[in-house]
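Consider the two complexes below, in which chain A is the common component and chain B and chain C are the respective partners.
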Partner chain A sequence: MTGTQSSLPAPVARLWEPLLERSRSKRALLLMAPLLVFELLLFVAPFLILLRISLMEGAPDLRYAAGTWSLDGYVEVFTNGVLLDPIIYSFKLGLAATAITVVIALFYAYAIWRAEGALKSALLFSVVLPLLTTLVIKTYAFRPLLSPNGTLNDVLLTLNLVSEPIQFAPGTVGVLVGQIYIVLPYAVLAIYSVLSTMDWGLVEAARDLGASRPRSFVEVVVPQAMPGILVATVISFAWSVGAYAAPGLLGSRDLAFAIEVEQRLLSNLDWEIATAYSVVMLVLMLASVAVLTVVLGRFGGEVEYA
Partner chain B sequence: MHREAIENALFRAGYLAMLAFMLLPLVVVVVTSFEESGQLLFPPETYSLGHYRAFFAETRWLSAFDNSLLVGVGTTVVATTLGVTAAFGHELDDGRAGQLLAPLVLVPLLIPPIILGISMRVYFVRVGMDASYLSIILAHTLWATPLVYFVMRSVFSRFDWQLLDAARDLGAGPIQSFVYAVLPNVKHGIFVGALLAFIVSLQEFVMALFLSNHSTQTIPVVAWKALRQSLDPMVSVVSTFLILISVVGIVIATIATNIEWLSKQLS
Partner chain C sequence: MSEITLSGLEKRYGDELAVEDVSVTIDDGELLCLLGPSGSGKSTTLRMLAGLETPTDGDIRIGDEDVTDRPAYERTTATVFQDWALFPNKTVLENVAFGLKMQGVGKEDRHDRAREMLERVRMAEYADDDPMNLSGGQKQRVALARSLAVNPDVLLLDEPLSNLDKRLSEDMQIELREIHAELEETFVHVTHDQDEAFTLADRIGIMADGTLVQVGEPNEVYQNPKNRFIEGFLGDTNFVEGTVERTTPDTVRVETELGRTVGLPTAAADATALEAGDAVTLSLRPEVLSVEPVSAASDDAESSGAVRADGSTTNAVVGTIENVLYRGSTVRYSVVVNGTTVFVERTVGDGSAFDAGDEIRIDWDGADLLAFRDDGSRVDL
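The block that comes next holds the complex of A and B.
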């Protein structure tokens, strides 16, 4: 076996030599160190810098005035309606998209859980494929479907359900549909992965005891799926609040936070406003997620003991 | 019995409608790529391969393909290396570092991409690395590593660690025992993790938009900019290629493991 040692590249072997003498836990730490350093350098450090720039003074002709301290950026965010309105729009969109997504996802995850064989694979495939498709494709595909001369309007007109075309997209309806489509795969899989560990016998027992099928779903399946529902809610909400592609391609006068902040940042002026804007949005989002978690956790607990 | 039959029918209709909703947008994209006119209509009135011919003549799209490939391969290498080593280390010793690492790795996935993109751009401009390939690779690694990491944690947790101890007892060094005892048993997991990392990088768009310039932009970024000008069926051609790559990737990953396991790793 000693011959194989030389087959390793020399630099790697040199790096490993000192590790041989260390204890197991030190070696484990060294194996985790690269990822820890990476996360600190590329995730924690950028956020600290973002925070620091948001506390600087603005400078004419410059991105920011280095070395200064000021709350001007935050004052601007909270007093300027042009900046406040997109935050309100984004939170409304986030709430609407999340509520609809979680209900649909719960149903679809349940259907996947109950399905077997080829049908189950097909249903799972229909979730995994959109998940691994770029946002851009997922969004613009709705344009030919929802525009005034699009497929949906053709169908509605042929069936005489409407007398003239409705402009779903570009418009708020289009934004909502697109955003739901974007987050739905993540929500379905979050709920499904919890359901798949659940015992079907429990549902059968409830039915044997006389519960109707909708009732056994609400009183047995939903409480059990609560951890998955929680994850689905948090992901759907966090991503919908920050929605960029859907309002950008499917909206008409839909000024979302992401669109406004992009314009501010890419204009390369007043970075203290753009960064303060991002910090405010992130704090509001995290606070909402915390509230959602507590509320859903309590709701889940109540149902369980009922 | 009658009521049960109605419930069954409604249930089936419900999930089949959902199946259609999930796949319809992707079908629209593929079908409109065969559109003959310059307008995006579904279903198209006449079909042709004209946009495919035009695609292979446009350097803008071809260089975007090269950029995407470069960034994708770079992300795969960095994310797989970081993810596999860290998951292995975590499995060897579940101390305090491991408890800190798991949430730290997960959090970037829960932050809206737009805010990550902004913080990354500000950061890379500050350190003088904006618009480089490396900046996009590192940003994508932030998203791809959690996938590799959690796939590998799941794989390592099913691995029989006595094999590693046995190899050590028989006199193998740490590298030898990893290469001969661990690697053959987890190579499927590493492969699937790397594949997911590549696809995530290929499809990622918001961070790439913030971090690229005219010469480093990836396919989704070029598609986005084209779409903001006009609804160009050419974008459907590019999108068809992207969807095809994901389909092939999922099929390969499914053969290596199975779709149920793959789905759980993605959640």
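The block that comes next holds the complex of A and C.
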């Protein structure tokens, strides 16, 4: 048995052995098989295909030149300045949407946690409700609300708060609002799931020892909610950086990375560039999430993997 | 200075009255135990003192200040909670230093003071540990240190020992007494455990159904319970039902379910005002009952209510032992007397032991009994 194992290539063995170590018996691995097959078919295999395409040569009339090997796609990504802007835009959108979403979600989750009876149900339901509507419709619904002749401007003009209409959408403000609206329910639920297991007695203990309401929130609630905040941050960030619907439906000149990829794939037929672009973006995302995890982990948000 | 006055304190949750008209003055430096069964309102009263609950009526004064509407963080009280409520994301030291941090004490100063407190409760070596890894007794000590670190005017203890095992809890009771003696601060301690209350308290306040029934020194509430509930709650006793047969100027004669008429020597107007036919309940504490084998009993001439040579009255009854319960240093016998079961206790090694089925004679001095009216109030004998 050890013979077969040591004959595995080193990287595979490195992954395989702890797995064996953990499961102790092959039966446990068998139980994991459906999950492994699922992951392989739906995630690993498509990603390998994408990786392979990114390493092909471009072809004038085709999507890519099948069977060829080339780094042209990556060279294009790193040298063509036009491709840099969408990355910067997407990361800015990701940071802004995440920061606002997590703050709102934290207070919202706290409100649900503290509410009782019918109010609690109503607050929880109001979080879940948007999830029951299709993303395109609920995002597009912000256009009549935020456009220059939309409802919000009507209100602002009537109240004499502005002298002429402001174009929230189509525009970056609209994109931001739309994106926050998309990810907020997930962020609220992630934080609430952690808060709901927390003992209110800890907050009482903090108040009893002289912590004011805001202070006890910062000192006790936030550190306790940190695992949920971390999950909410990662979900919001990953989704917002890869956002497609909100910039597409509510943006004007909002060229997000995902839209650029779509154009390269469908209009320009530059598949090797689009895929290389995606791979680079994936690496950047992984690096950012790793940094986020480490930074937030400092504040007590230890995520249990086991 | 930090005398506490509660007057007409009331807490209502919707239609439910959790605490009703509680008024008491707690002296500076006193250790008051609020004792009562669960649901009696003792914890709610304590939480109102801490500022964690707002009274629906009445007020609370600490020293000269009315603190009724003051939030917990602006009160000079500190609470030790039943489940200790240690902050899981902070070390033991940070937990103890928390209150001082809230007061704006610099990091070094507050850590020095926290270390001092941890030493006092003999937990100094755990300063950098995660409180979640400590045992119950250790968490309890840390919680105590954390509350003491802010140097509160009043320390409130909400059943802090109820999650500990008996031995540990008893050790902590002694330690709490020592700390109380040393600090000379006012302590209010809530418990449902009579032994704990008797060990700790300068005075005991007994609560039932949201009201404060009686407040007094431990031996006073034990010897002079105000009503039947307190008599039953403070220790084990036999309640025997009966009806008044007749009242003379110096005795109330009660016909009991034991099949004997029991004489209660009295001169009090309260007792002689009882009328024939009034229902009364007598309390026969095991410590006032003496037991002897029937064979050794003197002749039947010494009948119920007879006056002995020393002037006390005797009320002996005979019964059959139903079962025997060994309780370590004492043995408890359940005895059936005229169809009613009463229990008596003997210290192990105190005379001959009895077995189930034996006939024994139970005797007492009528002056040692307490009597209660139908509504639970005590008859003044």
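Just so it is clear, the second predicted complex is superposed on the first by the 264 of 306 C-alpha atoms of A that agree within 3 Å, B and C clash if a C-alpha of one lies under 4 Å from a C-alpha of the other, contacts with A are read in each partner's own complex, and residues count from 1 in each chain.
Criterion: contacts are C-beta pairs under 8 Å (C-beta built on N, C-alpha and C of every residue); 3 or more make two chains touch, one makes a residue touch a chain.
All values reported here derive from a predicted model rather than from experimental measurement.
> Look at where chain B and chain C land on chain A after superposing the complexes, then choose clash or fit.
fit
> Check whether A:L106 is in contact with chain B, with chain C, with both or with neither, and answer first, second, both or neither.
neither
> Tell me which touches more residues of chain A here: chain C or chain B.
Of chain B and chain C, the partner in contact with more residues of chain A is B.
> Which partner does A:L135 contact after superposing on A: first (chain B), second (chain C), both, neither?
Only chain B is touched by A:L135; chain C is not.
> Which of the two partners, first being chain B and second being chain C, lies in contact with A:V77: first, second, both, or neither?
A:V77 contacts neither chain B nor chain C.
> Name the contact category of A:T275: first (chain B only), second (chain C only), both, or neither.
first
> In the superposed arrangement, which partner chain does A:D199 touch: chain B (first), chain C (second), both, or neither?
second
> Based on the superposed arrangement, let me know which partner A:P223 touches: chain B (first), chain C (second), both, or neither?
second
> So in the superposed three-chain picture, is A:D208 touching just chain B, just chain C, both, or none of them (first/second/both/neither)?
Only chain C; A:D208 stays clear of chain B.
> Once both structures are aligned on chain A, how many angstrom separate the closest C-alpha atoms of chain B and chain C?
Minimum over all C-alpha pairs of chain B and chain C: 6 Å.
> Residue by residue on chain A, keep only those touching chain B in one complex and chain C in the other, then list them.
213
> So in the complex, the part of chain A that touches chain B is made up of which residues?
So the residues of chain A in touch with chain B come to 1, 4-5, 8, 12-13, 16, 19-20, 24-25, 27-32, 34-36, 38-39, 42-43, 45-47, 49-50, 53, 63, 104, 107-108, 111, 115, 120-138, 140-145, 149-151, 181, 184-186, 189-190, 192-193, 196, 213-214, 231, 234-235, 238-239, 241-245, 248-249, 257-258, 261-262, 265, 271, 274-275, 278, 281-282, 285.
> Tell me, which parts of chain B touch chain A in their complex?
That would be residues 4, 7, 11, 14-15, 18-19, 21-26, 28-29, 32, 40-43, 81-83, 85-86, 88-90, 92-93, 95, 97-98, 100-101, 104-105, 107-108, 110-115, 118-123, 125-126, 138-139, 141-142, 145, 149, 170-176, 180, 196, 199-200, 202-206, 210, 219-220, 223-224, 227-228, 231, 235, 239, 242-243, 246-247, 249-250, 259-260, 262-264, 266-267 of chain B.
> Enumerate the contact residues on chain C facing chain A in the complex.
Residues in contact with chain A: 50-52, 71-73, 77-79, 81, 83, 85-90, 98-99, 102-103, 146-147, 150.
> With touch defined as at the start, can you tell me which chain A residues reach chain C in the complex?
Against chain C, chain A makes touches at 199, 201-202, 204-213, 215-216, 219-220, 223-224, 226, 300.
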